[in-house]
Amino acid sequence: MAVRVGILGATGAVGQRFIQLLDDHPTFELAALTASEESAGKTYADAAKWRVNVPIPEDVAEMEVGPTTPEAIPEDVDLLFSSLPSGVATEVEPEFLHEGYVVSSNSSNDRMAPDVPLTIPEVNPDHLDLIEVQRDERGWDGALVKNPNCSTITMVPTLAALDEAFDLESVRVSTLQAVSGAGYSGVTSMEIIDNAIPHIGGEENKMETESRKLLGEFDGVDVNLHGMDVAASCNRIPTIDGHLENVFAETAEEATAEDAAEAMRSYEGIDLHSAPEQLIHVFEDPVRPQPRLDRERGDGMQISAGGVQETGTGIKYNCLAHNTIRGAAGASLLNGELLVEEGWV
Amino acid sequence: MAVRVGILGATGAVGQRFIQLLDDHPTFELAALTASEESAGKTYADAAKWRVNVPIPEDVAEMEVGPTTPEAIPEDVDLLFSSLPSGVATEVEPEFLHEGYVVSSNSSNDRMAPDVPLTIPEVNPDHLDLIEVQRDERGWDGALVKNPNCSTITMVPTLAALDEAFDLESVRVSTLQAVSGAGYSGVTSMEIIDNAIPHIGGEENKMETESRKLLGEFDGVDVNLHGMDVAASCNRIPTIDGHLENVFAETAEEATAEDAAEAMRSYEGIDLHSAPEQLIHVFEDPVRPQPRLDRERGDGMQISAGGVQETGTGIKYNCLAHNTIRGAAGASLLNGELLVEEGWV
Amino acid sequence: MAVRVGILGATGAVGQRFIQLLDDHPTFELAALTASEESAGKTYADAAKWRVNVPIPEDVAEMEVGPTTPEAIPEDVDLLFSSLPSGVATEVEPEFLHEGYVVSSNSSNDRMAPDVPLTIPEVNPDHLDLIEVQRDERGWDGALVKNPNCSTITMVPTLAALDEAFDLESVRVSTLQAVSGAGYSGVTSMEIIDNAIPHIGGEENKMETESRKLLGEFDGVDVNLHGMDVAASCNRIPTIDGHLENVFAETAEEATAEDAAEAMRSYEGIDLHSAPEQLIHVFEDPVRPQPRLDRERGDGMQISAGGVQETGTGIKYNCLAHNTIRGAAGASLLNGELLVEEGWV
Amino acid sequence: MAVRVGILGATGAVGQRFIQLLDDHPTFELAALTASEESAGKTYADAAKWRVNVPIPEDVAEMEVGPTTPEAIPEDVDLLFSSLPSGVATEVEPEFLHEGYVVSSNSSNDRMAPDVPLTIPEVNPDHLDLIEVQRDERGWDGALVKNPNCSTITMVPTLAALDEAFDLESVRVSTLQAVSGAGYSGVTSMEIIDNAIPHIGGEENKMETESRKLLGEFDGVDVNLHGMDVAASCNRIPTIDGHLENVFAETAEEATAEDAAEAMRSYEGIDLHSAPEQLIHVFEDPVRPQPRLDRERGDGMQISAGGVQETGTGIKYNCLAHNTIRGAAGASLLNGELLVEEGWV
């Protein structure tokens, strides 16, 4: 039976990915699109400057875009995906939660709030139960679930695999991030052609804190942050899609390169429509993964890793994910599928 | 009084930089150019596919290129710069040394040989005295001096500053390297447009070993490698020139971000023609240094740093240098100036 | 019933596209792969440096690659696709033709030979009958059919539409071509990052001659070249796939912009598996087509056009096609489908 | 004796180029900087986000930025350079002209006004006398002189050479334009990486009209537009600086390729400080000029050409210029030098 869904902030870069991913989805049926006031009342084709490299699904092109208010959502919609700018989301998401909507949100606000589940279905599905705490504290009928930042989500599945096998103590990570992560107008061409930018505002902090929440233990009341020490340096480079990351990890149990690769390879996935069969693909060839060649693996939902080697005191490796699919729209979508599977919708 | 110099391997990308940098040099006078057999006998303009963005100096354009043999070098030439491919250099450099030439070489062979000085004039000029050991062991009249790899030289001045002030214990470094570091044909366009490559063969090992030799202590007989633990991940990105690096360092003495920045800023330079007035420029703005904007600082010879911050257990920062100037031709040239200054030529 | 096919030169960039396109083809069954001597005997996975952004089809990965000789082709294979370098193809293609194979070739040799059909199925399918002439003249049992160069094929469908409606007299065309058109190693990164190259050897001549053969009239014996005057300037730019072209055309009959756009839009396609439903998509938005956004239209087989406007004396417009699909492997494949349809296989 | 000059709109991309070019100018002394209200009162270093790849001249960094009003200009300033956005310039430039200032403007407003000289010093210096007409008509004490658009100025010197020698009848031109031509934020990275855009709003019309005014004859009262027929297609590509253009020209007198090249090579320059010794450099090598390799020729003020060939009915060739130097700030500066030389300042 179809679950009717809506998209808050449907015209932006992540919103467009939601529409692409929902096309032909077996259980989700797109029933509502919202955007800013100036887009409200237009058809989606008119409101969105569509830039995905496949045409807009024809039925979506003709859908009317509504304002981002609970009143604009048809009554029979039960699940909302949010790709609102975080400033807007902070204001607006609570209105939908008061009205009883379940919101799977990619917006960065409230990710570290103690009563908001920050979830990757394959890594910490049990954190969803924090919804009970959330409802108690906020008096909402709905539920707010967040997925992590695109740079965080790229590395966390590999960290989860290592932590499970060897207990992580410290992580140093450098990122090579694609421009799409900043939204359509986030990085100008003059900033990035023949160049790289060694800082992305707020990004380092997100990686350092969200990763510890994702790997934290939920004791029924609180998520206790993982004790590992994480430091990140975030770089923007001239790629369109796909974040590549270099990780240096120290573990309590000694890990050989081969053990570490095997831990990643065998880390268990989840049986949901948008989840890849294997969560982490580990390349033997040290020049892989590469953004342009590997970001589409598993329809953009698989994590790739490679270059696993021992350092003097730990291991180092590289990982990659498609930042606007696994790192944004696909992440929220997968959380939505988990919410349905677990009966929250 | 002019020192007459020659360039071994003058037609390649680094060779072209040598020619650009020697144009108008106050003391070095270009007197010999060598290349492979097929170029020998041609004028330089015919032999080299010139790709620097200023025209070939007119007098050099008409010079005849000779084969890479000692007989092809005029008698009055006393200093040679080498930018031969390392496979060729391994074979050929010794011939010049037997004939008594002083060779300042950018080629990667023999950099870690115990009796070969690996030198950055501002960092370890005293290592030049290893030439005495070299002459004793090899029976050469000449002298072979190497400069480090371009990715090593970008970070080592900053590490030297930190080591002097706080004693380095461990270094984790990720590089974002320009394509020119691989030579003119080293990276194809299909490999790198909209992409990044997370591995550069041999480069990680160079960074991990050369840095420890450069910061090692010379006791009059041997260079004792520095005891710090270094691990590197090397990435190629779509930039033309300028290597950017993210460094995570742990020190024995506690260093605040401000102390670390100050240690870099005040690290002493050297008074040689091609040396920048200030060795390390430290930006306050965390989005700097950037390859396209900052690689030309100090005519390509200054190191830039920025983003200095404390991590839980150490500091992190970014650094940048022009890889074919400070990281190659300019490095050899500066070593040549030091060799003259110290009386080895 | 399946037609068993082989690929000559299967490991290169175009060869890889053939394999991608033949995966799941409804009537063609891949039965033979050839490459150079050094690859012969290896599995395809070992012989090819696979760089398409989807994994190698698993059954193809394990196929053995043979040498490029007729003996290496299983007897029951009837149709061969050729993506050999043209120098090799000149030597080797005739051997297969003597043995009776039908060869649909992307290689540039012999395209202008009077007895070799140069064919785009939607434009000049009748030229296939030149095979009769070819067999008479050469004494072959097989048949050699060529598709045009990638830059030619991008514009010719639009020219055919205009010629049909208004009679073409002169064409001036500038191309902005992707690096993949030069093969994997054809353009180095140092040549093209932050740059453009205003000349591609041989390309201009191909556009100027092949276009006139494609639009020429076949009188049963000869193809009489179209009388239009064509001049081309070919540029390489930093894009991976997709050739964009600016066309200035003068016609005998006066054409308004709207008439010209309509002539393109309504130009008839062909009913073959790999053919797009509509041959030419004409954008209203003048900023389209764009390589990254539009090269995948119609699975890479549709031609896009846009910016149709009147000049003082004619019209101008832009067109685009995926150069390694519609412009190479897909072009040969479509010719193969036509050969089967018309009973030549 | 120094001429004291000011820059209107000094903080933008072209404004920054003005400052770079005025540093060490032998006769112009920078005495005033203006910008928008929000920048007024700040030092230049604080007001401008400096992005040129050499540091801000130290004395300029400390200069105070004023509002863009005549009152903010010191009395002893006699020559103003304008790089205001054209919407602002339309409003504001007349205020300065009423106050008697001579303004050499790069802004696109009023370029085609009958009483405004549109000038390239080497091409149509006599058009400056239109200032008399302008003063009569407008009652200004000052004078407004414009330089053409960056894409126009790249080709017009080559057209002037051909027209002088062979009489131009028709021009078809395709441009490959750098992103800096759209200003710092004009083109987003997502629009242009691995892509090209086949339309630049207004640009084609500028090329088609400005070129005819520049080559037009001034009869003492009016500039009569040149009768040639010009059609342009303008493309944006992923280069930072340097516009490359493919020109197809038809001439009344027959021109061989060699004659055409010679006409360009020998076209006379002008003896002003910022003018290159030779106006047009013509390459023999058909792969040149290229943006990254050739845009800096003549300190960014020389025009490069190459690939001169005969077509069936005319000639074709390529040309290139640095769009923010010869095509913007350098163009206005050179007009300023001409204004001084001719006694208008």
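Labels A, B, C and D are assigned to the chains in the order they are written; within every chain, residues are numbered from 1.
Everything below uses one rule, namely that contacts are C-beta pairs under 8 Å (C-beta built on N, C-alpha and C of every residue); 3 or more make two chains touch, one makes a residue touch a chain.
Chain labels with UniProt names: A, B, C, D = Aspartate-semialdehyde dehydrogenase.
Because the structure is a prediction, the values reported are computed rather than measured.
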*Third chains touching both subunit D and subunit B*: A, C
_Applying the document's contact definition, name the chain pair with more C-beta pairs in contact, A-D or A-C._
A-D
*Using CA atom averages as chain centres, what separation in Å is found between subunit A and subunit D?*
47
*asked:* Measuring centre to centre with CA averages, how many angstrom lie between subunit A and subunit C?
replied: 40
_Residues touching two or more other chains, restricted to subunit A: which are they?_
51, 193-194, 238-240, 292-293
*asked:* If we count contacts the way the header does, which residues on subunit A are in touch with subunit B in the complex?
replied: 170, 172, 174, 176, 193-199, 229, 231, 233, 235, 237-240, 244, 246, 248, 286-293, 306-307, 311-313, 316, 318
*For subunit A, which residues are in contact with subunit D within the complex?*
13, 51, 179-180, 184-194, 238-240
*In the complex formed with subunit B, which residues of subunit D make contact?*
51, 53-55, 193-194, 240, 292-297
